[in-house]
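Here's the structure, in structure tokens; my notes come after.
Letters are used for the chains, namely A, B, C and D, taken in the order the chains are written, and counting of residues starts over at 1 for each.
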Amino acid sequence: MSISRDAILEWIKAYAAVIEENKTYLTDLDAAIGDADHGANMHRGFKAVLGKMSELADKDIGTILKTVGMTLLSTVGGAGGPLYATFFLQAGMKTAGKMELTPEDWYTALEAAVNGVKMRGKAELEDKTMIDALVPALNALNESIHDGASMTEALQRCAQAAKEGMEATIPLVARKGRASYLGERSAGHQDPGATSSYLLLKTAAEVLGKA
Amino acid sequence: MSISRDAILEWIKAYAAVIEENKTYLTDLDAAIGDADHGANMHRGFKAVLGKMSELADKDIGTILKTVGMTLLSTVGGAGGPLYATFFLQAGMKTAGKMELTPEDWYTALEAAVNGVKMRGKAELEDKTMIDALVPALNALNESIHDGASMTEALQRCAQAAKEGMEATIPLVARKGRASYLGERSAGHQDPGATSSYLLLKTAAEVLGKA
Amino acid sequence: MKKLINDPERVVQEELEGIALAHPDLVKVHFNPNYIVRADAPIKGKVGIISGGGSGHEPMHGGFVGLGMLDAACPGAVFTSPTPDQMLEATKAVSGGAGVLHIVKNYTGDVMNFEMAADLAKAEGIEVESVVIDDDVAVKDSLYTAGRRGVGSTVLAEKLCGAAAEEGRSLKEVADVCRKVKDWGRSMGMALTSCAVPHVGKPTFDLPEDEMEIGIGIHGEPGRKRMKIKPADEIVEMLMEPIISDIPYKEGDEVILFVNGMGGTPLIELYIVYRKAYEIATKHGLKVVRNLIGPYITSLEMAGTSITMLKVDEDMIKLWDAPVKTAGLRWGI
Amino acid sequence: MKKLINDPERVVQEELEGIALAHPDLVKVHFNPNYIVRADAPIKGKVGIISGGGSGHEPMHGGFVGLGMLDAACPGAVFTSPTPDQMLEATKAVSGGAGVLHIVKNYTGDVMNFEMAADLAKAEGIEVESVVIDDDVAVKDSLYTAGRRGVGSTVLAEKLCGAAAEEGRSLKEVADVCRKVKDWGRSMGMALTSCAVPHVGKPTFDLPEDEMEIGIGIHGEPGRKRMKIKPADEIVEMLMEPIISDIPYKEGDEVILFVNGMGGTPLIELYIVYRKAYEIATKHGLKVVRNLIGPYITSLEMAGTSITMLKVDEDMIKLWDAPVKTAGLRWGI
């Protein structure tokens, strides 16, 4: 089973809808330990991405992902903007010219994306950032592929790991991003970026997994 | 029966205490249709007046009342300041050199005081100001004296008329002072200046009436 | 309502101490009676200009003392007009022999106290002219009432008269500039929230989360009417319409457009207000030749805005552009 | 929380339209991408200076564009750092051949976006230096975290660097001035109330009537600790102590003392704060040689204050006194 170009477009569209739905939720999470804008930022970005959909109708996966990245870069701002932009730009580099992705291709793209976020933000595991959702998710995907799991299952295990990583941010004291200014007071709250990252991979499981 | 110098000092001291007690009440009245300072203004003024009491211990009534007026003039400010200052300064002029007052002297002093307030503020009856308490009070005092009432009774009828005048300000639409900016919205509230004027004459009845 | 103060009774005293420490190059602060006076006062041969009023409207008036604006300011207690002794002493302190102008805002207390001070100063041989600013179109004008309040035009009058005095004009000429501002300036304000007088400690009025007051003064007085809150553009229309229709401004008239913040409204919102006010003025054929945007005549921490429009002639524009060096307004020097 | 706006999504757009109408003599406003640039940019041979950050801190940064300060400012959405394309275009618009300085506040988003913009500008052949201001002593400094936030020193850096660039200094020299401010400036803030981001519509945090937040940032982030509200003098001590003990200021050091309003705090209170801050600085043997008092780096309508102290040498005092002509800060011209 592979992931088609159309499925990728579906994923992006579905995620834009998920963001719209979770805008207030993400902003509320950010209000507790940040500056109350993560939902609005992501929403502004993915609304702009939706506006690009028509011009992407016949493009390859690399172009689609790079366009998403460039659009996020110039519309989101804040920390989330460059990080998610880098995520999609890096994934787009690895998928340049491709019209469909094998599980291995998908892994390679996700790995580049996550490394891009690490490189850009210099956060480590347990700094209470999106890295805490992305890295376990990437590892879970890797293992699933090695275990010979189906694409659907691999994507589900990936999303499940992201969810656990997101939840594991709750007790952490933030060391990166705006929440770090709070010191000990940041403990007890779920990281908004880890949450939007989990939602991205959950949407992937839902949309790409049935492809 | 006459009013002694000491009784006048007692009256001023008693009124300072009444103002202290009614500070919040007067300010609340002023908050509704003015700027929430009448209580504080009068309190500041009469606190300063109390500070002058020792130097007035052996002075005549005229000097006492003029000192009260000058002190109010330089400490109260707002509309209340010059009006009450004028009240006491004018009363002081009419009582210069006197060590006690007959009922007629008291009437003459009060008449000059009320005329001073009228001249200074140019308010008419029913403009919703202290005039609405002072003028009926003055008239009642006049009638009582003509009726041959006792000093005690005359002062009581004077205070009673001030009270009725004060209450009659409630339905009025203000035409003078800060409350006039409210137009129709000033109706339904009791005028703070009329209230402090009533309290002044009520204190006079209580203190001077038993002299 | 929370405030950065130590003692409600000492707010003005401590503020004045802060001003004295902050701006010794510009002003001297005199205590008891309280007034803020230009560091180099009196200036021989120059008309002195003083103003004053209750505190709580900062930077007005103390922040406008300095070259090209006021010679002295008399701060009263919060929202309470100052007393004649302050005004008399300030008048004497700035009297350089050419007379002194009193710029008075039309409130019963201010008018009476300044009147008494002017009488006392005249008795001491100082020539005094007084101009009473009454520009607030929210208040119905009538011979039988206290008339209109003095608000935003006061700031513009202080700037223009200050420049005229600095140029060496006579007391009558400086007072004439002030009378022009009085005649040609109109204002109206609104509030989203009340302010709280320090010694009262609670908001002067209660305003529900979805309501606003239109036609507010600068002392936390309730406005002319209360209504559901509206978008900024509609609010600006409600303020501009009575201003424009009050004076028969003619097409082609040049104006200074002053969008004032009441204290608690951020600058970002004032520019949104300015945008619409400019559009409305322009649509009426008025030419906005100068502007002022910011919290200049405030009402403690009140959220809201007032708009002032002043018709100007060439001379007034020249006076507006002249150098001014005060803590609250500065350019050209 | 009530605001004078039309549409939460259009706040920045309409504010920029207002600025464009208000200050055409000082700035041009470019839309899409959004930036505010000096009317006379680029200036040949002069180092260009740009800064930027989320909106909601007005007058910073847009109000500081003009002669002697910034060449351009990039406003992001409210409290959200702007994007690299804005910064790139602004960099190109102010590049006069002598290089461009990016003054960046230390927030992850600002740093990353400016980094990407600098890379893009360098790729287009423009020499860029970036200095990241991180002066907030409320935040513990550590190699393993995002470090300290950039707050009040930014305003002072923009003034001093602007003057240095105006004098014709080289990119490295202007950046050196900025690094001095970064090294010698420290700040700390507090809030009495929260602010509300327009599109959220409710306060970012809830603060009971008798409590305050100490160590607040400028984005409505909660502070380091919450406590019962105290008299102003005690609050000022709590802010000054960590500032003074963070840099080993020496007796006799000269400083600029900057008392900033967070947006909703009236000037009268800032002078009460200044009074105590001055006293504390003086007691520590520091000489307050210049000051700045007012709302310059705000957090929407938040009530509160921040104090910044910057040690200065003779050159920095000269740069401070140099003429500046912007909507938000002006003197000497």
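FYI, a residue touches a chain if its C-beta (ideal position, glycine included) is under 8 Å from a C-beta of that chain, and two chains touch if they have at least 3 such contacts.
This one's a predicted model, so the numbers in the text were calculated from it and none came from an experiment.
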{"item": "Graph distance between chain A and chain B, where chains that touch are linked", "value": "3"}
{"item": "Chain located farthest away, centre of chain B as origin (C-alpha)", "value": "A"}
{"item": "Leading chain pair when contacts are tallied as C-beta pairs", "value": "C-D"}
{"item": "Interchain centroid distance [CA atoms averaged], chain A/chain C, Å", "value": "55"}
{"item": "Chain B and chain C, separation of their C-alpha mean positions in angstrom", "value": "32"}
{"item": "Centre-to-centre distance between chain D and chain C (centres being mean Cα positions), rounded to whole Å", "value": "29"}
{"item": "In chain D, residues with contacts to at least two other chains", "value": "78"}
{"item": "Contact graph of the chains (line, ring, star, complete, other)", "value": "line"}
{"item": "Every chain pair in contact, whichever chains are involved", "value": "A-D, B-C, C-D"}
{"item": "Complex contact set, residues of chain B against chain C", "value": "27, 31, 33-37, 40-41, 44, 73-83, 120-121, 175-178, 180-183, 185"}
{"item": "Contact footprint of chain A on chain D as seen in their complex", "value": "33, 54, 76-86, 107-109, 112-113, 116, 136, 138-140, 144-146, 149, 197, 199-200, 204-205, 217, 219-222, 224-225"}
{"item": "Residue numbers on chain D that touch chain C, as the complex places them", "value": "2-7, 11-12, 14-19, 21-22, 55-56, 58-59, 63, 78, 192-193, 209-210, 212, 229, 231-233, 235, 263-275, 278, 291, 293, 295, 298, 300-301, 303-305, 325, 327, 330-333"}
